[in-house]
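Next come the structures, one after another.
You will see two complexes here that share chain A, one where it goes with chain B and one where it goes with chain C.
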Partner chain A sequence: MEVLVTNVSDRVTKVGLAGRLDTAGVDRVEAKFLAACAAGGSHALVDLSAVTFIASMGIRMLISASRAMALRKTKLVLFGPQPLVSDVLNHTALSDVIPIVADESSAIALVEV
Partner chain B sequence: MPESGDAAWFERTLTITAEGRRAEADLASRTHFLVIVEGNERGRRVSLGTTPVAIGRRQPCEIVLDDPEASRLHCRVEIRGYDAVVTDLQSTNGTFIDGTRINGSAVLPNGGVLRIGRHKLRHECRTAHEAAEAEAAERDLTRASEYVRSLLPEPIASGDIRTDWRFEPSARLGGDCFGYHALDEQRFAMYLVDVSGHGTGAALHAVSVMNVLRHGALRGVDMRRPAGVLRQLNDMFQMDEHGGMYFTLWYGVYDAQRNVLGFASAGHHPAYLVPPQRGTPAPLQTRNVPIGAFPEVRFKADSIPVARGSVLHLFSDGVFEITSASGAMARLEDMLPLLVEPAHPGIDEPSRIYEAIRARAVDGTVEDDFSFLTVTFV
Partner chain C sequence: MRLIEAPLLAAQLRLALRNELEEIGRARLALLQFLASAKLPDRTIYRLEVVLEEVLGNIIRYAFTEPSPSTIELTVTLAADAVVLTFEDSGKPFDLLSVPEPSRPRDISSTNVGGWGISLVRKFADGLHYQRRDGRNLLEVRIAPDPLR
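Now for the complex of A and B:
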């Protein structure tokens, strides 16, 4: 599992995840992921297009980020999940709390509203 | 490069030799073991030496495995130098080291896993002290695992509501748990909990939740009403107060007088109600976030009439989240056809499905906790 952080604008950070978001994957990236999402008052767009699998620890990581950002009144948006990952996100009803959209441009549109 | 007569050369040489001798002494003080990590007699530790040890289904093998997929004389393991060497003895179903079938002889590295049929044995090279500590830890895990299993209710074989189940944690302890009990003469509750993560922490949390549900220990909550149960559990088990753990839950209450099943799920995939004559399974799920994930959430419930002869299948995601033999990850819809396949005489439904899932999984391994509960409304 890898994480790549880029600045979309001075108020929006893109965080790309790649690989399996299982226990081992989350252990590798969680600290950097949460730091990137909670950095400096920016909104965060999480690119899931390269995530091949998500387990409960991966869901937990996303929930933790969402809760932390809600306290800072910043937005977290997920985009581009693969079908297998989308299944899991759907079962957990996470999209009721964290927006999940198809692509990066849709995600940017949500945070720039 | 110093000349051989230089003191520096001699000093460097002595350092290397001393370290080499320490390493050799350390290895010499260690014993090779095979430890059963999956299958019957999990935790059993067998020491290995230069005398080969035969493994198979029958004596005179030194390690006898009660395993229909093992040959009578399946393979042999011996220590050669510092290595454990496994030799397949033309077994029918093959001998595997770390997932690869061997041909003839191969080295089983320290920490490597030897698979024979449904059994997995890990090679360990430990000092006597380390082995004793590992055995003590294993005994603790066994006791904890037995305690968790003791919380599961006995299958119900007679009456209007019958149950069967299969419970296979991926490690000795896992975050899955399930149960059922009569709320009163008319209503019967059933539930399955899946705590995030694996291992001891998740198991402890699952036990806490299960004991609350088993005893209806939710203040001011009518246990007959699934939405209220989920709301109170969410208030009690917020993840920032419980080690960062959330859990998914499926909770249902069957009213035997009205023949209606009320249910609510939180972050959980559907349970499935299969009508009589194994018709099309109906997914039973309500769209709610997991328990403990977010505070002050309103939970939705639903209900469905139940025809006599229907069967409810309630299971954890470990049932379908397997890596298939092709290497692809399976999805929920891949296992649904199993729910309507004919029953096999002499085997309960959860076990039938467990064996079918194992047969599909790469290396016969179900990676996650496998919990499967079947409730038949007779």
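Now for the complex of A and C:
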């Protein structure tokens, strides 16, 4: 499991996740991921395109990040989930409370309005 | 009708797992190796992995009140029409089927961060059967193969 952080603009950070968001994967990246999302008061676009698996611990991590950001008046947007990952996201509360879009440009459009 | 291409010899996998989270990864690799020759669709493998992750994680995190080591027995059976995962542990009684579905929140601030594991097991399983027998929890999860696309 890996976390790759890049600046999209002064107000937007892209956080790429790669690998499995299972118990072991979340344990490895959670602290780094939460820190990356909270850094600098920016909005966070989370690239899920290289995430091959997600279960409840991954859902928990994404909700935690989004809640922390909402308190700071910044947004978290997810983009690019693979179909099986998307299936899990759509089943949970996550899709009701965190925007999930197909690609990066759609994600940028959501935070720049 | 036989839906699964079962290997001739190994129709059942038995594992004895310690109640430690690191054991989930070991169980997953053993499951994948066992099922490799069954040629199941990707979605079926994904459903099996989610069920394994969530049920084992739940047992390891919550079933045992004492910190002493315990063993969780996992049996994977390749039946003609489904893969059957059977989890057996000596932890406190817990019927996964009795847990209500989490409510869907209206906004992020009221969203519970956890509680979706059992819901995912229900979503991906085709059959769930729980019994408490001789002081042990027995949970059987049946997963039929997805249609090939």
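To be clear about the criterion, the second predicted complex is superposed on the first by the 112 of 113 C-alpha atoms of A that agree within 3 Å, B and C clash if a C-alpha of one lies under 4 Å from a C-alpha of the other, contacts with A are read in each partner's own complex, and residues count from 1 in each chain.
Rule of thumb we're sticking to: a residue touches a chain if its C-beta (ideal position, glycine included) is under 8 Å from a C-beta of that chain, and two chains touch if they have at least 3 such contacts.
Quick caveat, the model's predicted, so the values are computed rather than measured.
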Classify the contacts of A:Ser49 with the two partner chains as first (chain B alone), second (chain C alone), both, or neither. neither
Name the contact category of A:Ala24: first (chain B only), second (chain C only), both, or neither. second
For A:Arg67, is the partner it touches chain B (first), chain C (second), both, or none of the two (neither)? both
What is the contact status of A:Asp96 with respect to chain B (first) and chain C (second): first, second, both, or neither? both
First (chain B), second (chain C), both or neither: which does A:Leu84 touch? both
Quick check for you: in the superposed arrangement, does A:Ser106 touch first (chain B), second (chain C), both or neither? neither
Identify the residues of chain A that lie in both the chain B contact region and the chain C contact region. 23, 53, 55-57, 59-60, 63-64, 67, 84, 87-88, 91-93, 96-97
Footprint of chain A on chain C - complex, ascending: 21-22, 24-25, 42-43, 46, 49-50, 53-54, 57, 102, 104-109, 111-117, 119-120, 123
In the complex, the residues of chain A that touch chain C are 22-24, 27, 53, 55-57, 59-60, 63-64, 66-67, 70-71, 84, 87-88, 91-93, 96-98
Listed in rising order, the residues of chain A that touch chain B in the complex are 23, 52-53, 55-57, 59-60, 63-64, 67, 83-84, 87-88, 91-94, 96-97
Residue ranges of chain B touching chain A (in the complex, touch as defined): 175, 194-198, 239-240, 244-246, 248, 267-269, 285, 287-290, 293-294, 317, 321, 329, 331-332, 368
